[in-house]
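Next come two complexes built around chain A: one with chain B, the other with chain C.
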Partner chain A sequence: MLLPEFELHEPVSIEDALKLKKKHGKDARLMAGGTDVLVLLKKKVIFTDTIISLLQIKELSQIKESGNEVVIGACATMAQLSKSSVIKEKFGALKSSCDNLGSHLIRNRATIGGNCCNASPAGDTMPSLMIYDAKVMIESTDGKREVSIKNFFKGPGVTDLAIHEILTGFKLPIPPKNSGAHYIQLGKRRSSEINVVNVGSFLEYDPDTKTIINSRIALGSVAATPIRAQKAEELIKGKPAKEDTFYTAGETARKEDCKPIDDFRGSAAYRQAMIGVLTKRTLQASFEQAQ
Partner chain B sequence: MKEFNTIRTRANRLDSPDKATGEAIYVDDISKPGMLFGALLQSPHAHAKVLSIDTTEAKKLPGVKAVLTSKDVGTIPYGVSPARYDETVFVTDKVRYVGDEIAAVAATSLDIALKAVELIRVEYEILPAVFTVEDAIKEDAPQIHEKYKGNLTAEVHQEFGDVEKGLKESDIIKTTTVKNKRQDGAFLEMQGCIAEFDRRGNLTLTSGTQTPHYVQRTVAMVLGMDIGKVRVKKPYLGAGFGIKAAANPMELACCFLAKETNKPVKMNYTREQVFMFCRARHQFTHTITTGAKKDGTLVALKHECTLDGGAYSSFGIATVYYAGSLLAGPYKLPNMSYEGFRVYNNKPACGAQRGHGAVIARAAFEQQLDMIAEELGIDPMELRIKNMMSRGDTTCNDLNMSSFGMSECIDAVREGSDWDRKKGNMPIGKGIGMACGFFVSGAGFPIYRSDTYHGTVMIKLTEDGGTALVYTASAEIGQGSDTAFAMIAAEALGVPLSAIRLASGDTDMGVDLGAYSSRQTLMTGHATKDAAEHVKSQVLAVLAEKLDTPVEDMDIKNGFIEFKNQTLDFSELRTTYIKEHRGWIDNPDSEKLTFNEASRIAYLEKGTIVGTGKYKPVFLGGKYKGAAVGTSPAYGCSAQVAEVTVDMGTGQVIIDNVTDAHDCGKAINMTSVEGQMEGSVSMGMGEAMHEEVIFDDKGNVLNNDLAEYKLVTAMDMPKVKSIVVESDEPNGPFGAKEVGEGAIMPTIPAILNAVYDAAGVRIYELPLTPERVYTAIQEYKERKGAA
Partner chain C sequence: MKKIINLTINDQAYEIAVVPNKTLADMLRYDLNLTGTKKGCDTGDCGACTVILNGDAVNSCLILAVQTDGAVIETIEGLATDEGLHPIQEAFVEKGAIQCGFCSPGMIMSTKNLLDKNANPTEEEIREGISGNLCRCTGYQKIFEAIDSQKS
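For the complex of A and B:
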């Protein structure tokens, strides 16, 4: 199986990239690291004659801290994010996502924007972006817009992006004091794995009352897109931050928030059971971090 | 104890510099002037009649030089064992699996060849297909081969001793059914080949094969050529594990395309085609009943097994026999019966893979031994030691353990893993388990029964004196056999390893059955030693004559001639040698006569000095049907301890440590032996933990890449403590025997037993995915709750 021929464009500015995308419309495919696009092309899952690479646009691979938020360029790679000091210090769950994706070689190429645009329900970075309440930055020749990551994914391989739009980056608010976040991915082996289930949790608590002020729980590989476990989140708001609560959250997430399917990587029943276990474990770990 | 100079060391491998620098040449690195590229048309259906094949449009495509179907190349049947030649290069009447070969194209580029393949029009009539053993053996099941009724490739019915009586006399009886999943060899280098005819009609096939000899024979037979006009060469190879141990249809198609076009033709499998072709480990279902006395003495074993074989026989007949015969050891077992069935279906054919036929039977049996030990309150190590065979013992089915360091292996892992301190003292979720295993060092006959030598080796001394050129048709496939034979040649000839140059993997160099069945170290090793001794005797004979000293009073060691009479005057010979090198400034001035001098003198006297060596086993015993599959000149044996952590919440299993001891007879190269041991652990772990080929309901492989077919990664690999146990094998060269396959035998059951120790659950189906382990833990909890 050979990679089919295509025309490769490598614009150096976002403006040029947007113009190219407008010109070619749905016939052109955007590409960052290529770890999904090239594989899908080779396997004849997708077809295109034109690829617009975003890798030469310098500003897209920057990670910048400004005020109370961090802006991550769409082309920041997994390896780059894993090493970034601000990600390490303030966004530990996202760092684990990046540490766990694929293998060393893939992490040197794969980008956070690409991971989201590929929109696999099992994508590694997506639950972490969801629990940090990221905003997706989108541009077109008509202007800029932002959309909450919660509303960005529409189905397997489908996102909120219109044909002429480009995802340029993510804004992540700096997590408040007394908060923590944790990400766990579960697969059959320890590296180069496609998740059977992946879960991220964020938790903010009040040290005086020891109650949960706020939480965000994101579940991967159990629906057509990564999803928030809204019922579980609502249930534990204001409840004491302790093991029982985390267990209840897991049970609610398992029973009410997810509807996984059977596939050759795992059964629906197992996935559902693991949502319970991992939700509890990620909340527990988030709480320990928050203290 | 014998003293050795070269073997039993950690000599650097001959191929390391080429491989470390990336200069090693593999098939795909080779290009020939005017070379064409071939591609195969393979069936998209699992079972269908082929009504018509139209190649008109494909032939019209510019750049296409040949399009061949069975109409062009004939329908000579071939396969692995002559008793089941059930394949043809291209299908004639129907396709039997997704991937069955229909046609081949040669073109000036691979792109054009692939395009032409798409232009071939085939009309199919879809036939009902079967994908499981259960469906294939039903009375009204679609028949895959006219000739083999009931979709049975082969069946085995054996009984040694009296099993029913043995079971009646037993105090404890255990019956379990264990199954694995179909494996893929997942070697790094996909199969590839280049075929080329010269103007005199001689064919050279350069191929990534483990067995140049069998490929040569099959190619000659199918192309209707003299074997002497077919040369098969194997360049560096990125492993095989058994899958590359027979001719494949691509090699044959490639030869036909080269013949048709009179141009060199190159073909390669893609990774997807490797999965489609398969020929790797079968899916086995073993039902085993073991009976033992209260004191742990094993009495009887009743064994039934079915093999999910796929569309063709491949190695299947041997596999179904091995699956039974290799349970007769390493424990004393007076009564054993075996019923084996290898069943056809519409999936790719399975064949031989590391630990041929015996790995899952071993996993089932060793797990049962632990169950018996637990119920009788005996330590699993003690139970095994109690029943262990020792040197000189013969199994109920005639396998003779001419050397057997099994007890030493058990002692080594017991101490090496700190078993006595850990066993029974680990917290929930942590466990330790052990198992044993053994394997053949080659078989008594080639796969086509014949009286041929299994290996011939030729050693020629360079005429200047001093360098020995070793020629062997054996196959270095990454396991280190070239280095082993160079070391054996150096040891036997009495020269340093640096004085040896070795070439291998070419059928022009002699006969060698190749790298399978863990045969080369023992068999090719013998032939190498024999050839080196032949050379040595010729050199010494000349010296004896020149110096008027009996041959018995001299020897060659470390590149020098050792005389019993240390004051012997050899100055005349040295003068002759120096005169041969007029003008050279580095003439020998050592106290001892050098091998260089001696071999030059021998050349001056006799002409080129050539030694030949050969090996074939003597009759190995066993008069019953199937005795040839299991009997071997020698058996390597292993014990392993695995330590695991089981996540009781998710079912994830992590292998923390493996302690591994193997008796390989005398280790030719210590580092290579350890390499085989660690490689075996890795492959066994993969099969135990996550490897399985998964199909959809139409017979397509769903996970046909190395992202979704889950090999063990460096991150999963535990620390492996490899302990080499050396016995002295009387039937091996310098006492050596196998390590390549025996070392995988205990891995899976050691892990299964460790998981039981950690989590309290016995698991009877592989692989141990988190889901399977989790489900078992849940069921266990429910049972316990109910109780």
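For the complex of A and C:
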């Protein structure tokens, strides 16, 4: 398959990248690892005559701990995140997302920013970013802004990013004590598959009263974007942290929070049933971790 | 517009002018005649084009050649020496892990990368290590056995 002709820009600073994006507007496509963009170009799903590569911008591939948060650069790769000690120790669900994306060959190139900007409803990293309450860092020549990841996705392949903007990274608050998080993805095979259903949960509990203080549940592949299961989250707040509660959360997520469709990977009914099971399992695992 | 890049492939320095829309796989095969690297799907699914780029196994069909300026690349051609095949290649022959041979270069490069990073992988790690490489003939058992025989 031939790649179409294009002009390639490789800016070394965010400022230069922003200027280029402003100059070329919607004609320019941003690219990081290229594992999505190059496939889409080869398959003629997207067209562009200008590519702005972000790989030469060193600060975009850093993972930094600062105060009570971790800042992940948009160009951090899946392999890099999996190996990072802070991600391993404090953001286990995100590590598990990174370990499950594509194959090891893809994970050496694919970036977290790219995964989010590609905005597939079945994307691997998004439910985990959502349960850790990540903020998306966005820049343009006019300045910086931040948006909560739960408001970032607008539809399949569509995000909150304006034409002149670049996603530069994510801010993740360090999870509090007595909290845990877990991610499970379900596909036809274990490697290189596109998820049929993927679910992440985060849970914080009070060890004295054994009740749930806070929870976040994110569902993938069951709507036009990854979504938060808000009804299930509200329902279990203040409830005792035990299996019955997790089951109820699963039932609510299944019946009220998700709206899956039938496609060749799985039926809507199957996806819906699995949301119930995986919500319960991820909450249970989060709780075990929190103890 | 062509850009001149300098890179090291199998311990040999190259200076080459490439257009931006050429992948690393195409540059290796058509400009440098290193046709041991195969192209299967050309979309990062099959792993036939696996090469080792700066110490990491990657799909060379999803990397722009111009972006490998300054890189160190290992391809299947770099494995055998005047004394003969590389031990991993020997093991693949010995265990019957090769049938049509199309996936072998990619499979062997993934194996080399796995063993370079982890000389004594578990069964799970071996299977994970070649999970990005598809074989449509022999099945994976003999390939697994070949890799397993190369553990330290």
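We take it that the second predicted complex is superposed on the first by the 291 of 291 C-alpha atoms of A that agree within 3 Å, B and C clash if a C-alpha of one lies under 4 Å from a C-alpha of the other, contacts with A are read in each partner's own complex, and residues count from 1 in each chain.
Keep this in mind: contacts are C-beta pairs under 8 Å (C-beta built on N, C-alpha and C of every residue); 3 or more make two chains touch, one makes a residue touch a chain.
Keep in mind that this is a model prediction, so the values were computed, not measured.
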**OP:** State whether A:L105 touches chain B only (first), chain C only (second), both chains, or neither.
**Re:** second
Original post:
Of chain B and chain C, which one contacts the greater number of residues in chain A?
Top reply: C
**OP:** Considering only the touch criterion stated at the top, classify A:M274 as touching first (chain B), second (chain C), both, or neither.
**Re:** first
**OP:** Identify the partner contact of A:L3: answer first if only chain B is touched, second if only chain C is, both if each is, neither if none is.
**Re:** second
Original post:
So, does A:S96 touch the first partner chain B, the second partner chain C, both, or neither?
Top reply: neither
Original post:
Between chain B (first) and chain C (second), which, if any, makes contact with A:I194: first, second, both or neither?
Top reply: first
Original post:
Which holds for A:T245: it touches chain B only (first), chain C only (second), both, or neither?
Top reply: neither
**OP:** Considering only the touch criterion stated at the top, classify A:L186 as touching first (chain B), second (chain C), both, or neither.
**Re:** first
Subject >> Shared chain A contacts, counted only where both chain B and chain C touch the same residue >> reply: 1-2, 103, 190-192
Subject >> chain B partner contacts - residues on chain A that touch it in the complex >> reply: 1-2, 103, 186, 188-194, 196, 264, 266-267, 270, 273-274, 277-278, 281
Original post:
chain A touches which residues of chain B in the complex?
Top reply: 110-111, 114, 270, 272, 649-650, 652, 654, 689-690, 694, 702-703, 707-708, 710, 712-716, 767, 769-771, 774-775, 778
Original post:
Mind pulling up the chain C residues that touch chain A in the complex?
Top reply: 1, 19-23, 42-45, 47, 50, 53, 56-59, 62-64, 66-67, 110, 128-129, 131-133
Original post:
Considering the complex alone, what residue numbers of chain A touch chain C?
Top reply: 1-8, 10, 34-35, 38-39, 42-43, 51, 53, 55, 79, 102-106, 108-109, 190-192
